[in-house]
Structures are given as C-alpha cells and as structure tokens.
C-alpha cells in the first residue's frame, strides 16, 4: 500500500496543527503511524512530529498529501513538482494542483521557488524560474501548470501563541454579539494605527448599509485621516452615497430626519443618471454634481477604489465594472497594489457578504481581516471560507465606525448631520 | 340580525383607525353600513364616522364590539356596564371583559368612570365608585367584575400627525437595522432629556448582554446622571454585574482583555454565594464585597429596582424575587410608583425578550417605549404584543448605550477604553 | 400656489390607498383639500375620492403627482405626456419619468397607450404608437423619452378584499417565523397548482444553500413534475450542484454523511474546470460528466435558465453570464418569455438576497411573489423593495421545498440520497 | 513556586484534550513542563501525558488544577478531599468546590467515591459514605461540603473517534443553517429510535412557537407513539395549546386559516381562566374543556411534564409552578426520574432559549442533547453553556418536527388540522 512520511514543526500541539493532521488522516479513512514526536517540553519550545500515512491507492495518497499540506505537514520525499502544459485556453489539465492562500513553495530543478501572490482555488503557473497563482479563466494553452503531488510545500500560519502576545492577537475567536465591544474597538483601532504607521495600506470592503445608516460622514473622516487606502464595494454604495449628497436621502429616506422622502425611491436613479451624463466621478465632481461623501473623498484623496457590478444594479454608475472577468483582476490589483508588490496590510469588511466573500477568496492568509456585520450568519460565513485568520465582530456597523473615528480621528468628527 | 352603531372620531383616516375598523368587521365575517362620514377637508380637520355593524348572533356582536373598541370605535348605545360577582378566588366569571392597555371608561349608575391602571389582558373590578384593572390571580370571591358588552369605552391613542411634529414622534416604524443610527440616538437622547426635565421617571429593562459586552460602566454613568430611575432585570444581570466587579470577568471572560478567565465560569457562582452570605446587596456593599457597577450605583443612588427570577437562574441572588406571583405586583409598583400615581414617563428595553415582554404586558399604551436589540426577531416580537407605541431599534446595545452617554452625560464618561 | 386635483377609486379606504395618499401629501410638507369623498356604504361598494393638492412650487407639484400616482391617485387634468429626445447614449434627459412596476398608461396624441413591460426605476420610451420601459443603459441618442408631469397614469393593484377570498389572498403580511407553516405550504402548493393548470410559467430564483442543504433532489423532482419552468441563480448553484453529482459533496461536505470530505474544498473548482473543458452543460452531460441534479434536469427538460455571475465566483461555469449588462436583459427575457408576451405567472425566491432583489427589481407588481429564507432580515428586505405583493416566509428552505414536493409531486420523491 | 503534576490519558491529541490543557495553562499565565508523552502510534492506540504545572501562588495552583480537571487532567498527588461544614443555611463556605457536569469522584477515607447527579455550578455534599451535588439554595448549616483542591477527579467525555463511528456521533459541530437537513433528520430519528428501544426516556423542552406554527398535532403524534416521555416548557405552551383546542387560535391567529381571529388576543386569557376555574388540567379535560393537543395527550398518556412559570406569564395555568425555588428541583426530578436513578437518555430542545438553558444547566454531560431553533444566536448560546455534547440544528422547528413524525410515526400522521 502506498505511503509517505510527512513532517510537521512548530507549536503543533497548541496551535492544533497536529490534532488536525491526525483528524484529516482518520476522517479520510486512512491510517497513520507516528514515527517521531519530540514535544517542546515547556511552552517556549517548538515540537516536531514525523508521521507515516498509508492509503489504499496512489490517488488517495496524492489527495491526502494535498490536504495535509494545508496544515503544514509536508512530505519528506523531495522531488521536483510535476508540470503539465495547459491543453486549452481557459481551463486546466484535470489533475492540476489547486492552491491554498498560504505561502507556498514549489520545487523546480531541485530548487524551492516561492509562489507569487498566494490565493486559494487557483492553479500555479511556472514561467522561467518563477511561479505564480493563476485563476483558471486566465490560463492559456501551452502554459506550464503545476500538477498535484510532490514538489509542493505550504507554510502554515501558526496561531499566535498565548504568552507571547502581540498587537495582532485577538480574543478567543468564537463569534457572538455578547463580547466586550469597547475592548474590541480599542484593539481594531490599535491595529489600524500600527499598520498605518508601518506604511502598509488599509483596505475597506463595504456594503450599502453604510450609507443607509448615515455612516458616510464617518468613513469620509477616516479617508481624510488616512485610514482608508483602498475601497472595494458595489454599485449601490456609490449610488446611495452620491444620492445622499445630491438629495439628502438614501434609498429615499432623509438621513437628517429619518422620514421617507417625497418620491425618494427615484433619487438613486436620478443620481446615477446624472453621473452617467458626466461620464466619470471626477467629471461629475468637477461639474459640482456632489461635494461631499465617500466617493467624493476617495477621488479627492487619490485613494484606490473599485466598484464591482452585480445582477441587481440600477444604472450602473459610470465607473462600476460590470464584467466579472474584469472585476476580479482589478480586485487583485487593489489587494497587491498596482505593481503587484504592495500587499495590503489590513482588511476590514463592513456590512457586505457578497464583496466580503469575493475579497476573502482573493486575499492571502497572512493579511489580518476583520468582518463587521449585525448578522451572525454573515460573519460566520465570512470566517468559514478559508479566511481563518479573520476576526468576526457582530455589531452595528454604523456605531462601530463612529466609535472607530472617535478613537482614530476625533479631530475629524463633525457631528452636525448625524 | 343583531346590530349596533359605533362612532369613531379624530384623524381616523390617516391614523388608520377607520381602515382598521372596516378590516376587523369584514375579516370577522360580518358586514357594515357607513351611515355617516364627515371627512376633515384639510389636513388640520378631524373626521367623524358612524358605522352600523350587523352580525349573525348576539355573541358575535359582543365580540365584535369588544374588538372595535380597541380602535376607538365605541357603541352609540349607552347603558351601564354589566357587573357580575366573582364566584371563585383566583378566577373570573366566564364572560368577563378583558382589558386593553388604553385609557378606558366604564359606565356605572349612568356615570362614566375612568379605569385606574390600564393594562391589557386583565379584568376590571368595581369597588364603590371606582374601577381598576385586576389580574385574574388576584381576584377574590365576591369581587364585582365588569362583563363584556356595553357600558365600556376605550380612548385610542391617535398616531401623532405628520405635520404637527412633536418630540415624541418618530420616523416610520418599519423595523430594520439599516436606519440612520446617529439620528435615532439623537432622538432618544432628546426624549430622555424632556422626560427627565418634566420630573417623570425613566425605566430601564435590561438583559445580561449589557454586562457581557462591558456596558455596565456606561449604565452606571447614566444612573449617576439621573437617567435611570427604575430598573427591571433578571438574576443574571445582578450576578454578572457583581461578578465583574469582584473578579473583572463576565461569564468568566475578562472584560478588560477579552480572554477567557482562568476558571472563569465559576466566578458568577462565587459572586452569588458571597452575596447570599451577606443577605442583601446593601450588606454586601457595606462589607466591601463590591465597589462599583450597576447594582452598586442603583443601591447608592436609591433607585428603584426589581430582579425577577427565572427557571435558569443560579443561586439566586439574595434580592431576586423567585415567585412569579410576587414579581408581577412588584413590577406594577415599579411602573406606577409606590403610591400608584407616579407612572413612568419613558421605558427603554435593552437586550432582553423575557423581561421586555413582561414589561410590555403591564405597561399602559401611553408610555413611550424604546426596544433595543441586535436581533430583529426580538424587536419585532416586542413590538407585536400590543405595545404598538413602541420604537424598535436594531443595533448593538453596547455601542448604543455608549453613544447615549456621550449625548446625555459626557461628563460622566470615565474609563477611557470601554 | 400651484395645485391639481387627483382622483382615487376603488376600495380606497380598507386597501389603505386613501390613507397613504393623505400621508404622502402631509409628509412631503404639502396640504390637501378633500373636495369629494363618496364612501362605499357597505363592504361590497367601491369609494371615490377627489383631492386637491397644493404645493409651493411647480417642481414640488410634479414630484408630488409622481408620488401619488404610485398609489393610483391620478391627476384630473388630461394632457399629452411630455416627450424629450435623449441627448446622449446610455443616459436620460434629467427630468425623465421614472417608472413604477404598476400597469401604466401614457397619453400621446390624446390617446392613452398602455406601457409594455412595466418595471420600476426605468424610463419609458415612445416608438411610433407604442411605449415600453427601458433601462437607462439601453437608451440611445434620439430616443423619445417620457418626461415627468401630466399624461401618465398608473393603475394600482388593489389588495384583495377580505370577504371575497381568492386563491391568491394570503394571511396577514407581517413577517415572522412563528406562523402556521403547514398552512402556508398548503397555500403555496395550491397557488402553484392553479398557475400550472392555467398554462403560465413558474419561475424560481435560488441560492446555493439549496445545494448545501441537500435539496437538489427535491428541486429536481419539481422540475420533472413541471413546477419549475424557469430558474435564475448564481454561478455557485451550478457549481455546487454539479460538484455534488460528480463528487457527492457540496463545498466539500459529503451530502450523504455530513462529514467534511477529504480535500473537499477543491471539488467545486474541479467540477467547474471539467465543465469548462467541455464548453457547455449539455456537452458535459453528453460526455457523462454528471448524470443527475438541478442543472442536469433543467437541460434535459428544456427549462429556461440563467446563471448570473458575481464578483465572488470561481471559474465561472461555462454558461454563467459574466457581464451584468448582459445578465439583466437575459433576466427580463426569462420573466417575459422569449417573445416578450409570456409573463411568468408565479415567482418563488429561495435562499438568495442578491438574485432575489435583482428579480424583484425587474418583475411587474402583478406577479405573485413568494420569498423563502431562514433570515428575517433577508425576507424583510426583499419585501421592502417595492415588491409589495410579496409573501415572505421565514423558514428552512430545505424542509420547505421537501414539504412542497410532498404536496405537489409525492410520486417523484425518492428518499435514497437525502 | 508551587507545582503539581497532572496526568491525561486517552485519545488526548485528536480529542483536543492535550491542546486544551496546554492552552489553559499558558492562557492563565502559568507554565508547564511535559515530563512524559507517550503517543499512540497508530490511530487505534491511546496516549498518555504527564505535565508538571507551576504557578506563582498556592491559590493559583488550586485554581489551575480545578480548571485542568474539566479536561480530564487530574493531579497525581492523591489525598482525601478537603471537607468543610456549611456555616449558614442557603450559602456555601467561600472556598467550596464548584462542580462540573462530568462524572466526578471524590476521595474520602482513601476511597474514591462517585458523585451522584453530576451537574455544573453546584457544590458537592458528603453524607456518610456518599456524595451528591447540591445547589447552594438547598444547603443547610452543618452539611459537609467538598472544598477546592486535591481529592477530586473528573472523567471527561472523550469525543467519539472518527473511524469508530457510532449512532451517536454527528457531523462536524460548526453551526450553520446550510447543513444537509434531510440527513440530520435521519440521524436524530435514528438516535431516538435507539434510545426508545433501550428503554430510556426522551425529554423534550419546548417553546410557544411550537403552538403558533401549528405543530401541536405533530408533537401529539409523537406522544402517542411513545417518543415524548417528559416535557419541560413554560406557561405559554400550555396556554396557547389549550387556547388552540378551545378556540382554534394561537395568540388569536386561526391556525386553520392563518387570519387574525376576531378578538383573538383574548382567547389565551379565556383559556387560562377556564382551566383555573377547574383547578387542574385533568379536571378541565374531564369536564370536556379541551379534547386534543399537547397537554391533553401528556395527561392522557401519563407523561411527566413540568410547566415552569416566568415573569411574562398571564394567569398562570393552574399547574404552572410559579416559584423558581420549586421549579428547579422539579426539573431535576424530570431529568433523573422520580427515584433519582432513571436519567433521561436523550434531550431535545425546540424553540426556547430560557427553558433550554435551564435544562442545559442541570443536565449531566453524558446525555445527548439536540437544540433546534431558527435563530443561530439561540443555538450558539445553548451550545456555549458547557453543554458541549450538544448538536445544534438551525432550522424551522415546525417543519423539523413534521419531518420527524414522518420518519418515526407516519401512521400517526393526520393532516386534518394543519
């Protein structure tokens, strides 16, 4: 029966790597033999485990090794990765290696090469001496694709150790609305300050409830204070933001009085039409169509932004990207920077499942991610998608952002309108 | 076929009273004849409607009249109310009149008498020349109980008219988390200020999430500032509040660090035990068992409070009232004041369905009621129970209370971090 | 001051049309004068109201008339509609009339013409003697667009009267999970039977939870039995449906055992890749890639379907439409039939907010719409978007569909796999 | 510095016992030294670990040992337990040992004695040679109470091993509404069949939504079929169940038509009054007051039941226990049987947080527990309270129970009423 020995190193017991590896083996119907286990005697020491796994078929072994790799258990056998040429445009050879969002090396010509832009559910393409992830839609015939099997190793994120507390540790990750909220706000604010100071970018992913709840002025304050370097959102965020600055309403509700506006439901349509008439946000701003709000501040402060279209959009706004095949490359550019080497340092998702999952799918595991939503199911789902480094906060996004401004940029607070 | 004419007055069209009355008649399978309808020609004028309803049986007519009375449609026939003697302790004669939470008059000896302490789902007992509501459990044999039928009239609350805006109007009542939150906070804060200034009492009804989310210091600030005159809560609020002041934890979670406390789950049990050893909150405070928190401030500032027990309680705390037959009279005392004539002016329910519904059941319709919860179903349910004057706010109670303190008592804000 | 008289007819009091009209007028800061009100004396008779509204400016009057029109209050002044030529491609003249989802007539050359394909938030374009709605993106320079003002009339849906019960009435519309579920299922099943018998099409709009909960076999049973004539869904529904038929998993969870599949998260990617390799669902089916499931049955039974892409898609599947500018016209075709004259007779949305809102936006008000979701906020939101004829059911979509099959097509039930 | 060595045995790595023990030590700020770790080499073998823990103070050590004991890490030092006499009625000596819901032994006179009726958050009282848990309220002066420290050992439940599947294993425990529902139903039905066959009792804990959703006939079917041996619920379940059988309504909503009943809100009050007039459920049944429903079947089939009062109750019903000090002992009797030795074999909580938490608090860890609710937060909370053997199912309780009847007692199905 086919077998292979894998090794696992680090704080593998209390980071749960070893238990997970054993679980995966048994759950997949296979068996293991622990041939070495040296446990860190004290809580400072690392441990090492060597485990021989045995499966019934070669195919099962390949599958199992793929799976253990996610937890950082890499095969001892060192061979070059298997490479195959793509035989079609836009599709992969059937046994392609499907990537994770962890740092990954592949072995070519007896050398381990780091894969550029780790992202899950992609393939890995080898070009000369370099390797990078590639979504299946961008594959072109003849590209050299990494196949499942040996010659691939993943470097798992260890959970930060209790006892060696850093700014980026967080409280126990079970998700509940009944957590100390002031404390969580302090923590997120502190992390943002550290990231900003380090020169890394902070990315926001936002849903339209931001506008309906009257939170746009607070986001604008954060833009002015330099805490919003990139924004990913849907057409509705732009539409309602501009509507609220043209008409004082969001979905027709007067934000300064909370009463349904006269004929309010039309306002977003008229806002979109007006922007379309000008052709771009900047042109509309230059023409004085709107003079405040999130879009206004993004444009004025030169922030990166991307409005990705969806099936429910009205209009859409002139800069909304309507083809999904174009949105995802633009999203990757937002995440990795235009040159591809300026990875965002922090990502915060507020009030959107759709754009949040899209971002979670593209983001490498190493970027701290905070999900804020009033709906527990949304937060749970965002945390469930392989973005296991996420922090989920069940709260009211409007008050959350307001309190964040009070901590990060109190001088920007203007309480006048909301 | 039995019939009766009812009259309805006021802004009966845009307050929806007339449509509702017509709906009730048709939905109950009966029919109507509008014999007079004088409509206020402009939006300032009141209207009047006289409607003859016809049913198949006398019993149906009595039922229908009861039902229309809730909407303020009172029968034109004026007779004394039917009175029967209770034939048993603790139960009512089968055809008793079941009260609403509206101001109600009954007719005795050709006189309309105002019923004291309007509350829904009670009976009305007549004693000499006075009438008051009485829950069935307090009925004693021989008491004179008002029966269904004529001689009863209800005075509906008209919805405040748009156009004649007052402090106690609110935005459209559909419940959603996507409402302008800053605005809602401004409104609630303004209402509380008005009530406090008027000398009326503000009543809070609170669930344990207040403590778990680290909000006790903010409630304490509101107690100090005079915005909490009465508190109704469960045993858990007292237990976790005192736990957090004895041990720094709530349900074993360190409120200043958010990490699970060493052996934390025991803390609330030890807190309860310690209070039981002292016999009362005051005795425990005098002995220095705890020196801060909600219970501490309630006792120190002489506020009214009531901790009502439940089947899930540990302990319970020494002052928790364990018998439900005793809790409800105590709750009515909290609402109406010790002398029975100092009705609370404002009621705010945060984070509790159980104690919230209990309060909603006892409260007269005239008291403005605000329900704050992160769960839409809880808010909807609290608004569904006849407390139709309620305002439901779906938000994070912790941040809501914090923002309320910032508006009402910023000088009390201490504790920088939460 | 500018003024106009509007008339309103039908069951305007208990259908709440009159109260709403008066509310709109007062809320918008304007005033009214009821110059005639003839009320149906009994519950069988219709009423008529004539109301003069007065505003401060002509612009306000145009706005207010637009708004009252939504409730069926049409101006008495009869003039031709104002027409303007589009001055740009893809945008409208600033004062265009923004359509509702009600049947609408416009007046041209002294004739009332019915507008084809009523849909909200569109413009109306006049071509020769016909008029139709047009989304702003499809506008081309020179098109003749209807402007706001006179010459437009909307025909509101009256709420079905209690007392004249039909199959398409429903219980009181407040949304709660605590409704009699068996009864609601009986009602929906009965409505579907009536629609099917009438020869009209039934449209489903579905989210991926259908697949994750193991409900695909039940939907397939309904397809076989003729209760699914058109399906609108996202890429994920196709991906997980085919994954589950290729690998027995959905998002890597074994649907027949509920345990996480070995390397399961890859399965959907491999399923998509395999379909892309074949180029279409039919080609993949012909090649034997999958032999059961929703997509299989849709193709085999010649049902209409549309998979609309989104920013979070992997792949996507070969037939997923990725450009939003193409999805919406395709969705309208699904709704109105290929020839544009075969409007769906019933629409049921299960487990999707995104595609549900998209559908609600395009659907005329006359199509009965049922929204099923386990999340109250989702149901509330779907009902909030102008689709006021909706019925919201808060329940578990999986058990809901199963019980629907038991009522509609018990002979198709095969319990084997789930 | 004080230290002690603890041992841990079994599948301590993949049952996560060892990782948790190490976590607790480090999180509490202490340190460890693994002095022995013999790991089961294959997945069949057990492991053993011996860990020396060191703390700063003796008090810390006692605390830490208490905490590790919950995970089955018991001290090697074997001494008799420390016993102290209660110095007060109704309270415990400050350093009492607070019990867990695990099987527990205490050491007295050099003998390990099994503690009767394991329940969390209680004390342990020693009487002659026996030991049992006791809630603090039942303590009487002079009782011999076990104190914190040595001489106590807990026997943790190991999670069932994957690979050695039994009927009582379940799918991965993360809670989501998007799980295969048919499969979960099959599993719960199979477990209930096994329990019933084994002669053990099945306990239900139910909320009023059961009645509002029209599910009472299905519960009645399960009572008749022998799948409901004990029921714990609130006053509202009895009130609305009897209301629905007297009037056909629940909270005034006609269960056979879903329309609000004429004067419906009174019905529950009249139902309660009628039962109070008869003094007991049996007397009311004998008098013909109601002839069907849950209460009727419980009485007729001699099932155990307990209706525990709450602050929001109307009435209450004659058999509702209003004093919480009486409810909890009655609940323990329901759980352990009248003689105290007939522990329930299965517990299912449907649609109630209050009574569910009460039950979870009293139940030993060994009883399989299923929580069914449409609200994710409720399910999460019920699973969070130390009832870690729970299975949470987010679904519609009405359809869940209906599908359960179809699996367990199809012959009892009568569709007539819902």
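Letters A, B, C and D name the chains as they come in the text, with residue numbers starting at 1 for each one.
One rule holds for everything that comes next: contacts are C-beta pairs under 8 Å (C-beta built on N, C-alpha and C of every residue); 3 or more make two chains touch, one makes a residue touch a chain.
Predicted model, so just to flag it, every value in this text is computed and none were measured.
Participant: Just grab the chain with the largest centre-to-centre distance to chain A, centres being mean Cα coordinates.
Facilitator: Centre of mass proxy via C-alpha means gives B as farthest from chain A.
Participant: So which pair out of A-C, A-B or A-D basically repeats B-C, with more than half the contacts the same?
Facilitator: Comparing residue numbers across A-C, A-B or A-D, the repeat of B-C turns out to be A-D.
Participant: Distance from the CA centroid of chain B to that of chain D, rounded to the nearest Å?
Facilitator: 32
Participant: Report, in whole Å, the distance between the mean C-alpha point of chain C and the mean C-alpha point of chain D.
Facilitator: 45
Participant: Two or more other chains in contact with one residue: find those residues in chain A.
Facilitator: Residues 27, 29, 162, 177, 259-260, 377 of chain A each touch two or more of the other chains.
Participant: Okay, in this complex, where on chain A does chain B touch?
Facilitator: Per the touch definition, chain A meets chain B at residues 162, 170-172, 177-184, 186-187, 208-209, 212-215, 250, 253, 255-260, 374, 394-396, 398-400, 402-403, 415, 418.
Participant: Help me check something: in the complex, which residues belonging to chain B touch chain C?
Facilitator: Contacts found on chain B: 13-14, 16, 18-19, 22-23, 25-27, 29, 31-35, 37, 39-43, 161-163, 174-177, 376-377, 380-381, 384.
Participant: Given the complex with chain A, which residues does chain C contribute to the contact?
Facilitator: By the definition above, chain C touches chain A via 24, 27-29, 60, 63-64, 66-67, 88, 90-92, 94, 96, 98, 120-121, 135-137, 234, 259-260, 262-263, 265-266, 269-270, 272-274, 276-277, 308-316, 322-325, 327-328, 331, 354-355, 357-358, 361, 375, 377, 386.
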